[in-house]
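Beneath this line is the structure, given in structure tokens, with notes to follow.
Each chain carries a letter (A, B, C and D) given by its place in the written order, and its residues are counted from 1.
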Amino acid sequence: MANSMYEYVKAFEQPDVLLPNTWIVVRIDGRGFHKFSAKYAFEKPNDRRALDLMNAAAKAVLADLPDIVIAYGISDEYSFVFHRSCALFERRSSKLITTIVSTFTAHFVHQWSNFFPDQPLSVPLPSFDGRAVLYPTVQNLRDYMSWRQVDCHINNLYNTTFWALIQQGGVDAKEAEKELAGSLAADKNEILFSRFKVNYNNEPEIYKKGSIVLRDYELVEPGTASETLDEDSAKTVEQLVLSKTHEERDRKRRAKARVTVLHVDIIKDEFWERRPWLLSNKPGKIPKEP
Amino acid sequence: MANSMYEYVKAFEQPDVLLPNTWIVVRIDGRGFHKFSAKYAFEKPNDRRALDLMNAAAKAVLADLPDIVIAYGISDEYSFVFHRSCALFERRSSKLITTIVSTFTAHFVHQWSNFFPDQPLSVPLPSFDGRAVLYPTVQNLRDYMSWRQVDCHINNLYNTTFWALIQQGGVDAKEAEKELAGSLAADKNEILFSRFKVNYNNEPEIYKKGSIVLRDYELVEPGTASETLDEDSAKTVEQLVLSKTHEERDRKRRAKARVTVLHVDIIKDEFWERRPWLLSNKPGKIPKEP
Amino acid sequence: MANSMYEYVKAFEQPDVLLPNTWIVVRIDGRGFHKFSAKYAFEKPNDRRALDLMNAAAKAVLADLPDIVIAYGISDEYSFVFHRSCALFERRSSKLITTIVSTFTAHFVHQWSNFFPDQPLSVPLPSFDGRAVLYPTVQNLRDYMSWRQVDCHINNLYNTTFWALIQQGGVDAKEAEKELAGSLAADKNEILFSRFKVNYNNEPEIYKKGSIVLRDYELVEPGTASETLDEDSAKTVEQLVLSKTHEERDRKRRAKARVTVLHVDIIKDEFWERRPWLLSNKPGKIPKEP
Amino acid sequence: MANSMYEYVKAFEQPDVLLPNTWIVVRIDGRGFHKFSAKYAFEKPNDRRALDLMNAAAKAVLADLPDIVIAYGISDEYSFVFHRSCALFERRSSKLITTIVSTFTAHFVHQWSNFFPDQPLSVPLPSFDGRAVLYPTVQNLRDYMSWRQVDCHINNLYNTTFWALIQQGGVDAKEAEKELAGSLAADKNEILFSRFKVNYNNEPEIYKKGSIVLRDYELVEPGTASETLDEDSAKTVEQLVLSKTHEERDRKRRAKARVTVLHVDIIKDEFWERRPWLLSNKPGKIPKEP
């Protein structure tokens, strides 16, 4: 076959399989979203429509890829977490990141007009880049999630104050920046409250906490989870075989679960204790319809 | 700052810079396009609207990323070639592949309705995955391109015959497959000609040759190129500095050039000799308007 | 400086930092030791001098690199384990594996004449290759160690029987191989006992269990360890800083500890429970001189 | 088999195959040789015995690994070059670097007493670390080699002057350093000549040029090489098959060739033109015995 003469070029493909038994976080970011948000006149400090569109796209990614256990989004970035036992695409990094980025982009573009009905998209279209990072332990993973949520808080407090100074305080960007340089959280809270009658605590949770996307199972009473979280639970061959037999059942439960969006604290233990399925990867109970 | 407590998680990000001075090929593929093409009733063996949409998306990628010198598409796959001197995103693999996949997907979804006006997209939306492969020499790169174009030819001849047997010959897929098992190119040409009056040579070039996307400069008479192709031309520091000064001028010329689609032979030398800018990365002359 | 013209070549060096917070196992193997052992007429099935030399070289490696917490050797292979918190050479894979291989080789060659006084080394000299493997959890690491020790047992039982058949049974290698094909452990034990009066259980521990190299601290009563093993114990910044201040003290304790060789079971929990310093990386108590 | 329960740990081994069709340079460096050279009172600025020992070890590496086409050494470092077509160990990085480092170390330790008969080695023994770097083109490779030889020249001129100031000029290290700070090559030549009657040009070539280790074939008249150097010469399948049949013949010729050490310029074209076998990997003619 004539083709065989050229087929040697396949030998230049190099493997990029991610280390087994580690948590895979794929974080994607909007490309040039500073410019993009200006073009479509996003509201400041937060544009609810844009965040809702981001969340809609993230929900579609979770619905498409059941191996993702949780996702967390702020501003124009989203982090998707594959469970440490994930074997999707043989854990090939390129496949995982491009599939997420492509699926997310497809939904962002496709659903755009639902959220921005009066502003049709034009070139350059919105796009996202992404990368994978591995975390070997639950603590590392939770610290990653905490890092993003603390970042959300810090940025939102700053932006809320910054834009209050401009929009209500009548100063320009330079002055606002100067005023906030070196300020502490308490200072910003004070500016908001004393000058603009804004109690930061009353700001919408979506802005203060970011968005968590996950499958919706019945919450568990802390301390009652039947199985303690064990980093190494399913690592022996017997257990892997056992879990193989449960896999099909789990897949069905996951498919039945509703993908939902929350705006809550993910730093404290409670969030994780009440949702043991996130770390165990064993689907919980589907909540009964009211 | 409270955040610093969690910031250590950034240390888990690992570099993925691609080896300098090698050709970067990013190949993307439609995910589950067998099912997708059935859902939207793509014509067989080739759906012109789908190919035109693929090409439109590829053109948009080239327009967006001037570091891409050429792209080649067949069916639901596209290969994008970054010049060996490319420094975009510091040659980070994740950034390069996700940016291409995301930009391509955005345009595929956004322009869908131009090519399939009567079939609105619905979930699951089309998506693509991708990967990067490095080729150290021009010969390796050209062999890669030849490999894809030979593949195009082999697949198209097979599919053309296969679907002629079904659509005109009235057999089912199983019988068609059986009839073609072990057949040579000559056999398929003969089936097409004697049974269906189809001269394969007269089939549209887009199906036989695939699609080449590139910037449109004036063709060069073979043998007259002022500079011989030198693998190593711009690798010394002096030359790199020199080329730095030309870079801005080159960027402008590239931006002015029209991105165009061809369906021609890329295996023979002629294609490359008449377009020395592909391998030299020095933009050619912008053709005069007629 | 004239050199700068060529210094761009440094940009081709690619990072190879190993994922943080994972156990690093560097396994080295003798190159061509089948031939090598024939050349120096190693005794079969086990050559005590060769094993003692391997162990002497391994002890020297541990003495040189305090970041190694334990090593395990069988036949011509040795596995060295760096603690998950290891930051030696910034965890660069090449540095870690070449340093171990080089130090081991240096001692193997230098101490050769102590163990083989009548057989001077000649070209080709003994050499070793090596590689690094990462294990994210304690369970994975212990399973790796168990894997090697089970391998030791399986190989030694086979070899002991195989060579008994040849050396005492008077058959040739082919016949011995044939006799053992498909045999179970019980079969081999039976052959040894009934035909050669060998009770395998009484074979030297070094052959049955392999060799464990570690720093010698006072054993701990199981269940009394003051700190439970926590995969994630020292992962927050505060704790890392805290451990920084303890580091110097720990370094001194490690330097004082004697590196010793054991031939015991490392599969059961007891081995690890009585030596909590292996997994915690906190040096134990130096045993009092008798 | 009991072992299978643990064998899953093998899945954590990750591939490290080096990109095909690129030049592989493995550079090794003495670990802590500043201290080591003080311990054994190496002569300054150059210790001929130490360099001869380095060269003897490098020759042994080349004799052991015919895939290495050339090596270059200065001070306590050595660079070994595998031809771009090298397939040794399937181009696995770990195997290649550890094999070189181990073989080099074995010979360095074993031959030590030939070069330092009055100074037996003692702990800590000499050891080396190493790493692999890939170069896609001949120009990149030659620039790497030039970089090392320019470095040799710069360091040697500096060290020769520095130690002349101390040993003959009677100043201390601090003063010598101060005097040379910011000095040009011409300044150092002048100091050597006017103050110490040393004509740097007459210094031994081994110090000024470093050491080149290669297989000794008959030199070729520049311009008469029957085959032009083609980066891509043997990259098509036909040619690879062809070269397969020549491989055995080539292997024998390489084995017959004497490995030799030179101290000559490797920056200019002449060195490479007269030894076309270095870049083509086709063994030259074995020189006739005189």
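Descriptive notes on the structure:
Note that in this section contacts are C-beta pairs under 8 Å (C-beta built on N, C-alpha and C of every residue); 3 or more make two chains touch, one makes a residue touch a chain.
This one's a predicted model, so the numbers in the text were calculated from it and none came from an experiment.
Common neighbours of subunit B and subunit C (chains touching each): A, D. Homomeric contact subunit A/subunit B: same residue numbering on both sides for over half of the interface positions.
Set against the Cα centre of subunit A, the chain with the most distant centre is D. Taking the mean of the C-alpha atoms as each chain's centre, subunit A and subunit D sit 50 Å apart.
One inter-chain figure worth recording: subunit A and subunit B are separated by 32 Å, centre to centre, where each centre is the mean of the chain's CA atoms.
Put simply, the C-alpha centre of subunit A and that of subunit C have 42 angstrom between them. Shared contact sites, meaning residues of subunit C that touch two or more other chains, fall at 6-8, 12, 14, 19-21, 134, 140, 143, 235-236.
Remark: subunit D residues 1-3, 6-10, 12-14, 16, 28, 31, 60, 64, 93-95, 97-99, 101-110, 121, 123-135, 140, 143-144, 146-147, 150-151, 154 touch subunit C in the complex. Here subunit D touches subunit B in the complex through residues 19-22, 84, 134, 136-140, 143, 231-232, 235-236, going by the rule given at the top. Subunit B makes touch with subunit C in their complex at residues 4-5, 7-8, 11-12, 14-15, 17, 19-21, 235-238, 240.
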